[in-house]
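Presented sequentially are two complexes of chain A, the first with chain B as partner and the second with chain C.
This part shows the complex of A and B:
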């Protein structure tokens, strides 16, 4: 059994249970489940339903409509929250329902769904039954609690929430597919029944409400209809909900992209909404004109720079806070156009940090100038110069008569090839490309124009040509703390094939793209692209079998944008800190924390008697420092070692580990 | 220390000049053959004299010396002479550290050698010799299998020394390593250089031994001083500066036949269990962390 086969419910049940999946419409079984639902406690009831039920189609189900809807406001289901726990624990973000800029948060989805079905009814009816459909025998106990809690809440909330809840449920096709179901059903990605009972989740909410409070929720999970509704209310861009969503990825936002552009363009001339340069950048993201981590980040920062330039502070507000709020609103807009990349997220964090650090005594114009120079410095140091350093390291690994392979189009890799060519090295390049974007073609054109001899192939043939390749150069959107590389979908495949052939894989990534998150699979955090892009085969209309895919309920298209490459397949990371093994990423991530607290730490060291140890945590919103006394908590002291980068001195040779010897 | 002597004798009046002089001296050291160097160096400088494979450790040591000595940023504010004497102090301290390193490593490795164990060593390494010496003097009972270490036949030298210590030694030809790996409990090797990935560059044959040991689940321990940590990152065997050593086959090699004369190979980190260094007992992935912290 793989990792995902051990969902939280297992712990409750205490053992491995065989799970049966029933794929397909389960309408026949629906009525049978009705009576079962209330009898929450009996595991045997679930035996009667032994096939694990996937969310049934949206057919009207009577019963605690209010109950299910009333639970909307409460926290997302236990199952999903487990995963969330895992994810958010690892996150530093202490984010909440508010749209505070968590770059990782995908935008709220759209409107009252384009789709026909009467979701409201469905939801109502599915209230209890959906819970009964819960595939896990182990959920039985939980269901008992849920039922009682739901009953309690039902009366209270019914009247008030029914109208809004219904609307929201109707609007979001996002069903709260429990993550447990998702995890156990991971093999069957393309689910038959699209958006289903959000009600399914409702049952599991109550027990988790408390748990949710403890976990800082950093990312918006689209399975959670309530949050989706809230977020949607604040959105600038109106999105139409996509149809036929893949179940496994229900927690990610998916849009019907085509409809937005004209709408947004018409709004362009309303200046009060948004600064024009930010608007422009958003549109460029939406249409795909700007893509690639560095390009998007630079475009965004330059737009912000202009926005700051034109910013004039209202009299009664404080510059820091007002400007931060403004930047946050810009960021939410950008998120709606296209989910943020990790590089963008890190740079936003940097910018907000700089804004909060502005001394209050500065005048408005001085502050603006300082911020603009900070932005310029960031772009220069972290991107432009970093790229140069990476290129200089990487060309040392290119020898004459090398055959270098690359996938897609990474800006750094292109620079490396250019520079190596200028240095006169003799090598040839194999460009591997994939649908739907064919990014490799742009790279190919540019390389050929420079006179580098190239071979072009699609990713299906990568194992065919790998035997003649000597080095693989890949770009990355980010590198996570456990050394996994988060990059364009298809990269993992190329890396694995290279590893199987014993070809070294060199991943080139600037250090500002590193992230402290840890991700084990490509599912929990990803970006869904436009499914129409897959269905369309350009230039060949005879191959348009998928033209009407949306109408077919049995068909779901999945266009994932990113995937992760485990660190075992990466031979070396080339960053502006030099050439590192993937295991060294956490050191860089820690090392790049703000150095401000360094002074504080050293200062505290010399306090007599009760020495206070300052622990500084990186969070999504700048640094938050807590004070704790050394005497009280050794654990915090240990924490200190990891959150603070001790200043270099003659002792630094002995590393952070030795800090314990103070 | 040659480089410390450079500082002492330098007539530079600013830090920058001094740094430049130091750099020039260390570059010269790296380029010259070790034989020339060892004549001029103080005997305390820990350089293996028998082959040029140590040039990596030499260059790594020089780099580290430079960093260690010039790292003190608060020197800027002091008068230059005071700064210079500080530097000399640090330079000599570095030399002491290097000497003590071997003793620290020997101490740390004692826990790994238990009574009745069989240790496989490869070629002649003074660090490993120190380790075994200490173990013998601690009255541990163990025996050593020593590879011949062609083409230098350093293995014979090693076994000589071990026998002198009263340790039971058995010499193997290099090809007999897999054959004898069953009876081996652990493998101890030295290193010429420890690279950023955590792998080691050592005498030719080390990679082979590590591969065999790994496939038979025997631990491979590398005993290396921390000044051998180098900022290199070989991707494969050929990705290093070549170091050749003529091989004497006893009979003249027929014309038209090429001979592979490389003197060292690279062992990737996945085949190494632990690195025993004066910084402590480390896993291979830590090497890069240390290097980053030093050079950041």
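This part shows the complex of A and C:
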């Protein structure tokens, strides 16, 4: 809506000259921001998100219509980033403008693969992505900030005028380009700009980069033949489509198994293709040596860490730009090896966010050290410590003589059992396993080795064994914001049977795996495993009837990797934020992005990091959040609940009210 | 009697060693065995021939049931045979009376005569006696239209007729009884063999074009059912859950594909994911209990639960030999069988974990590999048997047609 409105408003503000008309954003007030905008360094100002970015389904934004009209000409969202969003929609408008395109044309693509991503796709993913970005305020808040800044800096406009004009000039041209060229041109702009207006732009660019590249979940739809061909051209891994694909799952990638590995192995020695550590991790994903959300995530982050360590910035490039591109190319390689898990997507998003936030003043080595410590911190805080917190919570739910059922092999569940065993609790574990991977056997072996009494069975027998079970502990690959649990296929069945037998289901999941996506079925988004794995029957040759299954076109084998568990089967979610009902996931998802940031922005320091935001209400006047946290008083952790009211016009939080103890 | 003993003990051994499995095979072989038991049975000149015959069958039946109590089909067939004996006894009694009073012998005329007879005739007595055995059903209502007001009296008169038949019982009538019983058992065997036909005839009425069907494991009845629909040019897709650890689903998939049915094999764990796209679940059963619950291959309960969650009809197809007149109590445990752990785990791999290493002598690792699942009646939408479609709550009536109430416990009576 705003996008469409933009061109006319710009036309109104601009002069006769088409170039200026396009520029639009450059108005009297605008350049003022440049020099002074040190606020840009603060995340507040850096969140140059266009109003369109606020995902409508999560929080109803107060109708932005009139405000944005008035806002457009005066306070510019960072032109380039904004434009990128707008471009595709602008094509129709832009065509009649005679503008020197050649100026911007020959962009030696500094950013390889990922940047060439189809724009539409990029756009599709913006909604969810932007929600999770730290530096995001509501439109109203941002507007308030911008307006105050503009007022303060109106005097200083001369200095910035020129550079901005240049910048917007460039962006103007971009808007003229046909879609395919756009992204690369966009790069060009970004390269051109910094020397000219680097001080002005620094604060504003990161978000646009974030938005463009923070697309960890590449949700390419593989039934779009055109795009598949495109993707194939740039892929490192050469693989062929599997035969006899299941009609329902055409939108998901499925490649003939075993075709990729030899090819990749032969490429291993080509040095500049991929960083060896990343290459190694990719091969491990492909062969299945590393599996499990946390393990894959940690392996990937460590590989990136190593890659960053070995990274040396090419001349005439900007570190955060070039590095992001590098990481993106790594990521797309990893995706080709195996589709990313949601946890990996989230951590990639974190890393890229970190990279783009690096202050330009930092030298290369400093930046690298900083990034590496960021990665270490992420692994430590979000995964290792989070697991410890989860274990400490979950152990309180295990009593003597309990019979605990688990499905598959979740690392955090295993830790819970280990810890409870160390505490001397007497319990028995039922390991339910499923074909074709039999991950439970590995868990079983480790548990038995530790002396925990176990019962092993397969998923079909789950209703037989459920009679004796007192609690079900499940791991999760992700928890989506409608409370559904996205996890190893079969989890839903176990949870369903437990629900039917009245056994509590406890899902353990680190909060970094939460995702703001929603999903209703297991079909729209999933991962397909190797269908041959189904035709292989263990142990008994006489039982394998499907050896040459691919020869018959009527026969399909479907090896789903994940399924979703409806939230009503989940009694409790154990996360590092505490133990919650599954309905609280969306508030954590929002809380960990929006509200955390909001609190930091305002210098709201006394709260510990772990805050659960329970509800967020947005009104025309501001944002009210009910939050909950733990505070230590007299050596006892106490759960506090309070509400915070944030007013964008004042740019401050006022009214913190402690509510009755929870 | 001694002539059949080797046959019986051979079959008992087969049952015990699980050499014969599957309700169809078991039912058939049991019926054949019982037929030879009956034919070998030497009819004494004692007063109650039928009772003696029934006792002989009971004696064998008891052994067979004890050999593999999980194969409920054995008990079903034994009860069916007992029921047959009882029916034949009554009808021959009636014929006997008829022969005495009206001297009409032939069975062919029996039916035509039936309508013309005066209210108190022996034929009506016999028909009513049959009615007493069977619950009133649509069939019997249509068959025996002239249910006379005299029926109220007949209950008392059946007792008399029994007495009369004994008095009239001569050599020929006993031979006739035996002959009739053997013929009826032959019919039963035919019925078991051909139970798929009447079931699969109903397929077209239940499967529409482009239907998506899910099934688990392999059942011959399901296969024939789907074949029949395919032959009638219905095009539909089938998801087959493989049914670990026996992977019978693979066999079914192969068979379906040979007939050109679009088939997708899924892992059992993917049932919940896929069932939201399924129109109907069609499965076979091991046995149908009197309350409408189903003993089915392991994993069926979770399929039924998933189907219920997504409001997908859960249809059970089964021949009438699978109807069991017993009410289940704790069937998951009592009507179940645990198979070898080697189906699930490699002994070689886990041998060190399976030793009795803890102090109290129980092993650290147990492996549970049950064969059957119990699906409660509330999860079943429909039963398709060879007599048509029935709801779970109707099962007890259907069962009353096949079995007589005093045979529910197959035990030899104290010798009279």
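Definition applied: the second predicted complex is superposed on the first by the 376 of 662 C-alpha atoms of A that agree within 3 Å, B and C clash if a C-alpha of one lies under 4 Å from a C-alpha of the other, contacts with A are read in each partner's own complex, and residues count from 1 in each chain.
We adopt the following convention: a contact is a pair of C-beta atoms (placed from the backbone, for glycine too) under 8 Å apart; a residue touches a chain by one contact, two chains touch by 3 or more.
Fair warning: this is a prediction, and the values are worked out from it, not measured in the lab.
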Inquiry  = Just to be sure I read the superposition right, which of the two partners does A:572 touch: chain B = first, chain C = second, or both, or neither?
reply    = first
Contacts of A:461 with chain B and chain C, given as first, second, both or neither = second
Task = Please indicate which partner A:583 is in contact with in the superposed arrangement: first for chain B, second for chain C, both, or neither.
result = first
Ask   = Is A:397 contacted by the first partner chain B, the second partner chain C, both or neither?
value = first
Query = On chain A, which partner touches more residues: chain B or chain C?
reply = C
Query = Looking at chain A, which of its residues have contacts with both chain B and chain C?
reply = none
Request  = Enumerate the contact residues on chain A facing chain C in the complex.
outcome  = 246, 248, 433-436, 441, 444-445, 448-449, 451-465, 467, 489-490, 492-493, 496-497, 500, 521-523, 526, 534-535, 537-539, 543-546, 549, 552, 554-560, 562-564
Inquiry  = Considering only the defined contacts, which chain A positions touch chain B in the complex?
reply    = 397, 471, 504, 506, 571-572, 577-581, 583-584, 587-588, 591, 648-650, 652-657
Remark   = Residue positions on chain B within touch of chain A in the complex are 68, 71-72, 90, 196-198, 226, 231, 233, 235-236, 239, 269, 279-280, 285, 288-290, 292-296
Footprint of chain A on chain C - complex, ascending = 242-247, 250-251, 253-254, 257, 260-274, 276-277, 298-299, 301-302, 305-306, 309, 332-333, 336, 341-346, 349-350, 353, 358, 362, 364-370, 373
